[in-house]
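Questions regarding the structure given below will be posed in turn.
By written order: A, B, C and D. Residues from 1 in each chain.
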Amino acid sequence: MAGNTFGTLLKITTFGESHGRSVGVVIDGFPSDIAIDLTKIQDALDRRRPGQSPITTQRKESDQIEVLSGIFEGKTTGMPITLAVFNHDAKSKDYSHIKDAFRPSHADFTYHAKYGHRDYRGGGRSSARETLARVAAGALVAQWLAPKGISIQAYVNQIGHIAVSQPYTNLDLSLTEKNIVRCPDPSLAQKMIHLVKETKKKGDSVGGMITCIIKGLPAGLGEPVFDKLHAELGKATLSINACKGFDYGSGFDAASMYGTQHNDEFVPNKPTPTTKTNFSGGIQGGISNGMDIYFRASFKPVATIMHDQNSVDKLGNPIIVKGKGRHDPCVVPRAVPIVEAMAWLVIGDFWLRNQ
Amino acid sequence: MAGNTFGTLLKITTFGESHGRSVGVVIDGFPSDIAIDLTKIQDALDRRRPGQSPITTQRKESDQIEVLSGIFEGKTTGMPITLAVFNHDAKSKDYSHIKDAFRPSHADFTYHAKYGHRDYRGGGRSSARETLARVAAGALVAQWLAPKGISIQAYVNQIGHIAVSQPYTNLDLSLTEKNIVRCPDPSLAQKMIHLVKETKKKGDSVGGMITCIIKGLPAGLGEPVFDKLHAELGKATLSINACKGFDYGSGFDAASMYGTQHNDEFVPNKPTPTTKTNFSGGIQGGISNGMDIYFRASFKPVATIMHDQNSVDKLGNPIIVKGKGRHDPCVVPRAVPIVEAMAWLVIGDFWLRNQ
Amino acid sequence: MAGNTFGTLLKITTFGESHGRSVGVVIDGFPSDIAIDLTKIQDALDRRRPGQSPITTQRKESDQIEVLSGIFEGKTTGMPITLAVFNHDAKSKDYSHIKDAFRPSHADFTYHAKYGHRDYRGGGRSSARETLARVAAGALVAQWLAPKGISIQAYVNQIGHIAVSQPYTNLDLSLTEKNIVRCPDPSLAQKMIHLVKETKKKGDSVGGMITCIIKGLPAGLGEPVFDKLHAELGKATLSINACKGFDYGSGFDAASMYGTQHNDEFVPNKPTPTTKTNFSGGIQGGISNGMDIYFRASFKPVATIMHDQNSVDKLGNPIIVKGKGRHDPCVVPRAVPIVEAMAWLVIGDFWLRNQ
Amino acid sequence: MAGNTFGTLLKITTFGESHGRSVGVVIDGFPSDIAIDLTKIQDALDRRRPGQSPITTQRKESDQIEVLSGIFEGKTTGMPITLAVFNHDAKSKDYSHIKDAFRPSHADFTYHAKYGHRDYRGGGRSSARETLARVAAGALVAQWLAPKGISIQAYVNQIGHIAVSQPYTNLDLSLTEKNIVRCPDPSLAQKMIHLVKETKKKGDSVGGMITCIIKGLPAGLGEPVFDKLHAELGKATLSINACKGFDYGSGFDAASMYGTQHNDEFVPNKPTPTTKTNFSGGIQGGISNGMDIYFRASFKPVATIMHDQNSVDKLGNPIIVKGKGRHDPCVVPRAVPIVEAMAWLVIGDFWLRNQ
């Protein structure tokens, strides 16, 4: 059934396949009379785009965003906003080698099992190219909510075995975009770049982790039972291609902690109290408490590698999937704007739900 | 706005406060003509109930489930099924000490910030007592889907620093319910019990972790973009009180893995191929592939401790929150049936979505 | 699938069968901190209740409303509000005569075709008894919105061939509740009462029509495309048992009108313009314009009559359905509070959607 | 908030403004592996298009449908299908005369009241041009469900005072498309054409009515309480621009009928019983019973007329709205494919809900 829509009041529906005519998004429920700067949306797309640096795939996507509806004289009208990128160069390559193959850890088999008929070109709908639609939508929300004092920033805190051990509060996040792995620790960034290059040489891929911080959110956003703020952030993040885990605040460390350590004492403050520590990650009972929200997302290594692998085809016969073509050894840095976009979409939705 | 409903086609709406008249659930979309054994629902509730063992709070909840609608002559009718527990003994205790206090790491402050007026008795709506409604609903789904060969089993794999290091495939899960901490490793279970007792003596609380395994699911369940099977499992799990993190398959370990390690090669098999390894955790591209699904959930230590803590009241004044009354040093074992119930609800929903 | 919920932000889910344990409603999304007077809800239920007058069925329903959740110390908490009526006297009557029969123009056959298993006692879920849950929910909304200057009033404008020919603006609506047919024209009311009594004597039933007027709504409520204000009012009204038609403003008369007649010229007024005429029925482009909203609903004669009728049973065999037991010759007067309740629910939902 | 989506499992979201870049639709939930003939979609659009005959506006819309996603190698993939028409000739006309004016019975004022900022060119989002997106979506559903034996046909049964008095069962519906007013009674059609021409000469507009018949639907479609089949058909129909009323089966005539007349006796038949009469309009208790479904929709005269009218502007000042430009004296014939499309969308949605 329908599953391409995200959000409750701020709804986005993405459409399009990797090598189809267009990839785009309809955003419904966006407030009217908000001035929109399209160059900022284009900038966000450019951050996600492959081919930005020597460590990513060299596919050249032009990814020029176009407005199909909902923005008039530079401002939103409250009507559905449609943003799309057209695949002008979708030349008909030869896909016969993957047409009937189930590549390991790709979605080929499961799409086949569920739908029978699928667009196999470049991963079709399961391609990460779908996420450009999310990034465009997120950049729209950012233009609406950033002026209210909210900021969202993500960074890479791990690639392979190289991990940032410091909490985000000890880092200078303004350094994040200064290097191609988007890690705010410059020396670790160099190690990560080296690792990715080595991995690429080996025709292999490597996983990683992203930390995201939401600042400036007032207390009271989120719903108490099922639609808890962190539950929606979790769903949003886990829906990103290759994401395998999500935690927030104390996260997985909470399992080994004691209440006497973990409880965040309230400290008098106006207009709302703050907390002395922030193991809660800015959310209590599913609702924001005014402190920073921070969460992590782990990503698996991408499935496309330059090695031959055993697999099966549509008929169930054993085959060898050849390692050939382009590959992207580590998509985690490019996932940074996607994580941010999903966070903006969640916050935008709860902003409307709270009114 | 409304946020007390979970599910898309199989929808549950829970209602009720800890010390109100009733806690219950309306399940809409449940198929008709399914025979229901109420004693199995009662059994599930009893697994969640406090006061089951020396290590939990001694609150005596009778938790007798009653059917208000939707089941006729022992079978479902396709109409909304309402299950409720009435709080017969909700005597009017004195709550003046917490009426205006914001207890550290409870939802007192955030509910106040969001709603103004709240039922403060025993945590009101934010109490884990709400989860009995989920457990009842999950037990209903189990009776419908277990006959189709699906099983869901969760266990405690960590309490405090004591953790099961084995993968679930090396454990005898039938031992899970043999001890009061619901850990299938008997010797670790004894250590966990000891730890919880020590923690209780100190008036402290401790966190933990649960692993859950879904077996027997056919390939093809889940939706490819936003409503990925693992994204919904993540949201469902994260919506449980005190849950701080969720991962599935390789999870957080994926961040340090390579594609050559992580890719799950397909192996010819009828009717559907299997995979040699299962780092994917039974889900690829958001859709089940027929292998076991397994995921983990981390839980923070409960906020109620027997220590005095600094905090603030409604007016912003500093106060001391006294450590007194009953407390439950570790709720993780009792969360096992809740995790299972949420997994049943997700699977039941996708089962219907797949038709 | 699930279909027992109405509303987008103000959601009600009704449950229960005519002769089951309980009939009730969960209202989710209702604002917090609203004072609720339960006697007003009880009054609304009493208006809908059968057995109020000589012209209705003599079934004695006590219909005592009970609050199961969401109201604390006389005020709403923002949590789901559950209201229920318990069927204390649901004695096990003999239903063997209707168990397998498909009564003409009842829902017996269609429920059987769709669900297989159904609660046949007193119509089960298809009984108009379900509407008491709607009336309770509507009465809740009225207490929240009436203080904002909104009023909703319905009346019977036709029973059988006796119809009010005047527009509502020429009637004294305060007379509506002065007679048992709820017609504000006292002399037509007497004729209607006579007609219903004659109809009852003949063991027959008769249809009718209701007009409903919403006053005091500000401009700007409604959504422009699919969820037009009148489209939602239409769905809400048509979902009431026995309703066969809905129109608003000029309605079915519009078909024979000309633009020069029908266009409502705007008249300068502060803060918002008014219109000289109101053929638009207070809604333009799906959005309220600040003028009165008025609509009509037609109702068929109830299917239960005291005549023998040809029909078939579950196995497809011809049978005679006997005319026996109690019957209600005209439910239209009792539908007045149901129409009002559905209108309150629609307005309440759009009120929240507009914020 | 978001309101541009219709449907529960088969969801369509329309986007675009009359003179914007594009008008289109995203259809989510459409089944996979269905062969699609785009020329049939184009044919449906051409039926709705203005400028088809001497009695409509002469605006030349090329309305060439394009597929942006979801159809691969001529078949659906289960992914969102995006269909769009690009407004290649949206030249920048001078709209200064309507920019700040509230035209009588248009949506200018209500959009302004609700959104502040609006695209005023040609009615923007409130233009009937939005309905081409619905027609395209409906034509898609028709290609999926017509092979299952379902047909939907609408015709004009009234324009102004000229009305078809016969029930649809006495008409030869194959004559509907033989004349430009889409009335299956050839002699009444001529009178209607004459009336529309006279109306056009006078610079006036005229209303009308459409009857729609759904044949071949099996018993069991629809939901029993709020989402009754006729309630959804009602909402769908009422959401069409200019629609003022909806009834089905006996409709508004039911108000003056008796149960002994109105009850539809069941007649033994295999596999499911039929009814002797069909005042129920093929729906009982909100669920289809296998008989023909028929309903009516009334339409007001369009608001654009060639007469000067009094009105107010944005600032509340009195103005004269000039009667100038093109006008369409009667849109009812062009609404026929829109009514059919909305019916297909409702049926398609319930088809999926029933599985």
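Criterion: contacts are C-beta pairs under 8 Å (C-beta built on N, C-alpha and C of every residue); 3 or more make two chains touch, one makes a residue touch a chain.
Values in this document were obtained by computation on a predicted structure and should not be read as measured data.
Looking at chain A and chain C, the chains that touch each of them are B, D. Note on interfaces A-B and A-D: more C-beta pairs are in contact across A-B. Each chain gets a centre from the mean of its Cα atoms; the one farthest from the centre of chain D is B. Distance between chain B and chain D, defined via averaged C-alpha coordinates, is recorded as 47 Å. Chain A and chain D have Cα centroids separated by 39 Å.
Distance between chain centres (mean CA atoms), chain A to chain B: 27 Å. Residues of chain B found to touch two or more other chains are 1, 3-5, 9, 14, 79, 114, 125, 224. Of all residues in chain B, only 1, 3-6, 8-9, 14, 102, 104-107, 109-111, 113-114, 125-126, 130, 158-161, 163, 199, 204-209, 219-220, 222-228, 230-232, 234-236, 238-239, 244-270, 272-273, 275-276, 279-281, 283-290, 298-305, 307, 309-312, 316-318, 353-354 touch chain A in the complex they form.
Put simply, chain C touches chain B in their complex at residues 1-5, 7, 9-11, 13-17, 20-24, 26, 28-29, 32-33, 66-70, 72-73, 75-82, 84, 114-119, 124-125, 352.
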